[in-house]
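In the two assemblies presented below, chain A is common to both, partnered first by chain B and then by chain C.
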Partner chain A sequence: MSQSGKQVKSVSYAKYGYLFSIPFIVTFLIFSLYPTVFTAIIGFTDFKGVTATTFNFLKDPFANFVGIINNVTFQNSLKNTLIIWMINFIPQIGLALLLTAWFTNRSRKIRGQGAFKVLFYLPNIITAATVAILYSAIFGYPVGPVNDILASLHLINKPFDFSTDPWAAKLVVAFIQFWMWYGYTTIILISGVLGINPELFESAEIDGATPRQTFFRITLPCMRTILLFTLITSLIGGLNMFDIPKLYIWNGGPANATMTTSVFIYAQAFSGSYMYNRAAAASMIMFVIIAILSAFVFYLMRDKYESRSKKLIRMAKRANRKAKKGVAV
Partner chain B sequence: MGTLPKIRNKKQFTGIVYAVSIVLAILSILPFWIMIANATRSTYQIQQHAISLFPSEFLMSNLKVLTGKIFNPITGFVNSLIVSTGATFCAVYFSTLTAYALVAYDWKLRQAFFTVILAVMMIPTQVISIGFYQFMYRMHMTNNLLALILPSIAAPMTVFFMRQYMLPALNLDIVASARIDGAGEFRTFNSIVLPITKPAMATQAIFTYVSSWNSLFMPMILLTKKENYTMPIMVSLLKGDIYKTEYGAVYLALTMSVLPLLIVYFLLSKYIIAGVALGSVKE
Partner chain C sequence: MMSTKVVRSSGKNLGGAIRTMKKVLSVILCLTMTLSMMVAFGSASAEASKGVINVYSFTDEVPKMLARYLELNPDFGYTINPTVIATTDGLYQPALDQALAAGGADAPDIYCAESAFVLKYTQGDMSSYAAAYADLGIDVEAATKAADIAQYTIDIGTRPADSKLVGLGYQATGGAFIYRRSIAKDVWGTDDPATIATKVGPGWDQFFAAAAELKAKGYGIVSGDGDIWHAVENSSEKGWIVDGKLTIDPAREAFLDLSKKLKDGGYTNDTKDWTDAWYADMKGIGAQPIFGFFGPAWLINYVMAGNSGGTKVGEGTYGDWAVCTPPVGFFWGGTWVIANAASEKKEAVGKLINWITLQCDDKGLQYYWANGTLNGEGGTKDTVASGTVMAMSNGALDFLGGQNMFDVFVPANQFANGKNLTQYDETINNIWRDQVRQYTAGNLDRDAAIAAFKQSVSDQLGIEAAQ
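The block that comes next holds the complex of A and B.
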């Protein structure tokens, strides 16, 4: 990139780099940076009430933050978010790894992988709002398909109410998340395996490694970055979980069992007494947590990007040498 | 002698793989199947047996119940169409332009700018929602669909993807020769660079469209007037009390919101799956 870039490098063209970036920069400043700063400022004020337009800074600037951190409902929502995320993520990554191992098995090719991938990924593309309402109908009480199936299998005598039991509510929300995301994770992991240098697998085969050994000794170690990436991006997504918990059971569910942090922030700011200041403080706390996690992803990707550009440079050098020798045209 | 059990093992292995895959595939389809079947069944039939794989003949009566109340599929559809189309155009066009600025020109702040884009990529909309809502409220832009379209001009993820695609795919010699032919920089971008990056733009367009179509949080905060509701907000109305016992109508409404996505998905599934896989490689 830098080599060909230098060929056409000219003083007068640099300004177009700035010029073409202006729409992005201006939009970012107005619609992202300004609202972020504004949110941060609101967190230090007494700004609340649906019609409020003015606000004053609090005498104790961190009152909202302290209030939120000590707020039992917020603590609970953070706990719920993490619990629901874990119940969804652990089986999700397990199943995705299993499917990846099966679908990339070199000695036994599985036919129809394309169709399976399409079907596994299907739930991910459907509007989460629709999925949430569909599942609240499917797990409906007293009439619903799941109760219907359980009754006809004689597993239950009377209909089970999935929406009043706190753990049942959590489990269903986690299951919906799992159902929506395992296909995505599987596709990502499979493409990660396909990106591994095939020579590694070939030499393992020559050395007589079993598929199991190959998977645990070669595939998994080579996928460390991609697994970590999946873990952290999924955690960030999980911390923002809103649509499913918001719509599967209205208002946080039984004993606030499905109240996630995003649902909490929404409820604080846009209902009840419109506590913008409290919600802003909660947002900023989440912002810090997510920023720390993002820093990890950022670090992972930068590392990868650098190693890739180094590889490109190596390849270019090799091509150059070959060209000098007159091997390649 | 040793090969026989091996073959049996292999057969067993394939059998297990197919069994699990087919169960998962059914799990993906079944909820939608039940939904579509129930959309054509009467509330009474659903109360008798909530699950049925076969349709009945109450589609029209369900439709009457549905549209007699607040759910308006056409309004939701049109609004979602406007927002998603606008947002997709803005995101893809301007991201390509920004990526081009990052790839084709040597400017002082280029690396710094790219680092900033990487850094803000992960920031979710939820955390800025309060400030964004207040800002829009002051500008009198709540209930204005532009508030959902314009922010997508700055789509860091899309810029990142387009840049990664352009680095190897865009031959700067072509740009240089366009310059010699006297084409302006902006014209070169529109008539030469855009066609070259079409495949990547298409992938990004699909994903931007779907995520914009499905988004609930921002529209729910900004849109308070019924005539501005997008499809996901329309769907969220089904949770209200007036649809509590109208099972058939609720399933029909859900079907209406899903069908366009299902059709698009099965038409473009090849590209979508490839796009998902590509996303991971390009990261």
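The block that comes next holds the complex of A and C.
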């Protein structure tokens, strides 16, 4: 032992840590931080036009922001984004919770769970471009599978144009989002349930709780953090929704019905006029909106008991300090 | 004690093994690097006696032509370095713009632009980078006359700032009306192109009269409103933008009414172009058989032939087609070839561009292209920019029942108009056609559709409507 003790030098492994993190830091600085800061800056400038290489700050620094907020198409796109996100997310979390309840039910073992999970997750693995092409074929007009089925069921007597009707287009995009993401949400929720201490379920069983009671009184409250995670990631993803709306119907869809804010931002920057400054301003506005909404979700989902007890602790501490001061005086 | 010793010694062995592997790996890596460098230098010293010509393109069409040129002219002495970036996702233009702006040895010497955005490079924001053909050692006046280049091709390729020609195409994309012979015989008793041309045209009134006659026999005249759009678009006097303001030319505004007439009369299957239903009408399996399509030669060769449901006469609709003069002249698509004004190899670049766009004998690119012989017999025949070449080429196609399509397409190029385009056309056209569909579907009335169109253009492109 003494021999080997001589060989061991006091090596600081910290430097290797720094060394190994250099690639990430460099990549992050170049491809993440710099573009973000640059975007934030050009929102205040006159940077537009495809040949532009230089830019000047505007006299009225918020002109682009005011322009975007008053832009009717931007307002519509914001509405579209929220509508499409909601009609996709509410059924999505509902179905995911239902599947989670079934798959984690302790009294009924479902056979072939692994296969089902893979099948539910599958749409998420397929590239968005492929999904968009698939769905534009499925909802094809005047001939397409959906129209054929509806016609043979005598629900419609002439083909329905899903890509010209504004609401139909919105619903289809929301459905694609739902179909692509419910499997992912289910897997996340199942993993959340598996993380709950099984003793809780056992004691509930012993106490004679029904599966329904177990789900609503134990499973759901214990999943608060994982639900918060799902809600926040889905909110951010939903408000940045770009690929399906862009690829399913080009250029914002019928009467701009599927134009989300991200599609709008893309159009500002790259579809002819190259208004980088306005696109940057719109991006920053979206950043603020997403931050506010996320904060709101955090607030809604906070643990009320915990925050109340924290408050009590704070008050107690304050009282304690005051009492000490009183003693000193 | 024993166990620790064993572990330690095996650890040593493992370390030794890893060290040997590292050595082997580094030797292999060094070898590959040296080899690849040798290969790189070897090829460079073997061929590039004069230099490298950089080519930017959105398909491999032009790079393949240039590769063929090098095969045909082994003493040319330059190497071609092609960069191909597809136009999908709007990636080509930003990449090309940056390469042009950056300059230097890697800047493109030759670059291609599609009709949808060519104006940006010949007349618009990026036109200052283009070299005048005259500066490449080409006698523009004489050469364009000898090759009989269509006026619209020259108009698009001419820079307004100094009225100099900076770009030409190799294809001619003047359009014709492409119709089904069997339906023509059923309705009018003949499939003769000259007669059919007088039935479907000239002008839209005559076209709709023919549509009514076809409808009476259970046929649609075109597949959807997108089919007549290119003809409508090109027949307008003014482009979308006049003096920086959005302007709706009466001919283009009339598209609202023409489209509504087509839909209300049931003269179409109400398809959108480039969808499955549109292709189905080429095969003749739509809701009602469709009489014809508006399109240039490339539509026949690259789209319709593949979607006709057959590969030889008698299969599907293959061989049941013919072309005639359209009710309204138009062109659709095409590639323009432009040289970089900053290129230091102007003479060589000029040789290549001359071969592609202007040489009008049987050794020029266009002769091979027209007859489908660039890479041996039996290739796809296409219409080319030079009328001279087309006159001495044979455009007979089995797909058209043996008809020589050049008889129709050569005059068609003269009807096309190259003066009503803007660099924003792709975006504005999409917005306009969407609003027209909203109107014909009954979701918006006529004024609301126009107002929504103006709003969208103003919001998305920052271009205000003229009062």
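Operating definition for what follows: the second predicted complex is superposed on the first by the 275 of 329 C-alpha atoms of A that agree within 3 Å, B and C clash if a C-alpha of one lies under 4 Å from a C-alpha of the other, contacts with A are read in each partner's own complex, and residues count from 1 in each chain.
As a convention for this text, contacts are C-beta pairs under 8 Å (C-beta built on N, C-alpha and C of every residue); 3 or more make two chains touch, one makes a residue touch a chain.
Worth saying up front: this structure is predicted, and the values here are computed from it rather than measured.
Peer 1: Once both complexes are superposed via chain A, do chain B and chain C end up clashing or fitting?
Peer 2: clash
Peer 1: Under the stated touch criterion, which partner chain does A:Asp165 make contact with: chain B (first), chain C (second), both, or neither?
Peer 2: The second partner, chain C, only.
Peer 1: First (chain B), second (chain C), both or neither: which does A:Trp250 touch?
Peer 2: A:Trp250 contacts both chain B and chain C.
Peer 1: Which holds for A:Thr73: it touches chain B only (first), chain C only (second), both, or neither?
Peer 2: Once the two structures are laid over each other on A, A:Thr73 reaches chain C alone.
Peer 1: Touching A:Met275 in the superposition: chain B (first), chain C (second), both, neither?
Peer 2: A:Met275: touches chain C, not chain B.
Peer 1: Look at A:Met86 in the shared chain and tell me whether it touches chain B only, chain C only, both, or neither; answer first, second, both or neither.
Peer 2: Neither partner.
Peer 1: Name the contact category of A:Ala267: first (chain B only), second (chain C only), both, or neither.
Peer 2: second
Peer 1: Is chain A touched at more residues by chain B or by chain C?
Peer 2: B
Peer 1: So in the superposed three-chain picture, is A:Gly49 touching just chain B, just chain C, both, or none of them (first/second/both/neither)?
Peer 2: In the superposed model, A:Gly49 contacts chain C only, not chain B.
Peer 1: If we overlay the two complexes on their shared chain A, which of chain B and chain C does A:Gly144 touch? Say first, second, both or neither.
Peer 2: It touches chain B and chain C both.
Peer 1: Chain B clashes with which stretch of chain C: 114-122, 150-158 or 276-284?
Peer 2: Of the stretches 114-122, 150-158 or 276-284 of chain C, only 276-284 runs into chain B after superposition.
Peer 1: Could you tell me which stretches of chain A are touched by chain B in one complex and by chain C in the other?
Peer 2: 53, 136-137, 140, 143-144, 250, 270
Peer 1: Spell out the residues on chain B that touch chain A in their complex, using ranges where they run on.
Peer 2: 10, 13-14, 17-18, 20-21, 24-25, 27-29, 31-32, 34-35, 38, 46-47, 49-51, 94-95, 97-98, 100-110, 113, 118-124, 126-135, 138, 150-151, 153-154, 159, 167, 171-173, 175-176, 179, 185, 189, 210, 213-214, 216-217, 220-221, 231-233, 235-236, 238-239, 247, 250-251, 254, 257-258, 261-262, 265-266, 269-270, 272-273, 276-281, 283
Peer 1: Could you list, by residue number, the parts of chain A that touch chain C in their complex?
Peer 2: Touching chain C from chain A are residues 49-51, 53, 71-74, 136-137, 140-144, 161, 163-166, 250-251, 253-256, 264, 267-268, 270-273, 275, 278.
Peer 1: Mind listing the chain A positions that touch chain B in their complex?
Peer 2: So the residues of chain A in touch with chain B come to 1, 4-9, 13-21, 23-25, 27-28, 31-32, 34-42, 53, 99, 102, 105, 107-108, 110, 112, 114-123, 125-130, 133-138, 140, 143-145, 147-149, 179, 183-184, 187-188, 190-192, 194-195, 226, 229, 233, 236, 240, 242-243, 246-247, 250, 262, 265-266, 269-270, 276, 279-280, 283-284, 286-287, 290-291, 293-294, 297-298, 301-302, 304.
Peer 1: Looking at the complex, which residues from chain C come into contact with chain A?
Peer 2: 90, 93-94, 97, 101, 120, 125-126, 269-272, 275-277, 280, 286-287, 423-424, 426-428, 430-431, 434-435, 437-438, 441, 443-444, 452, 455-456, 459-463
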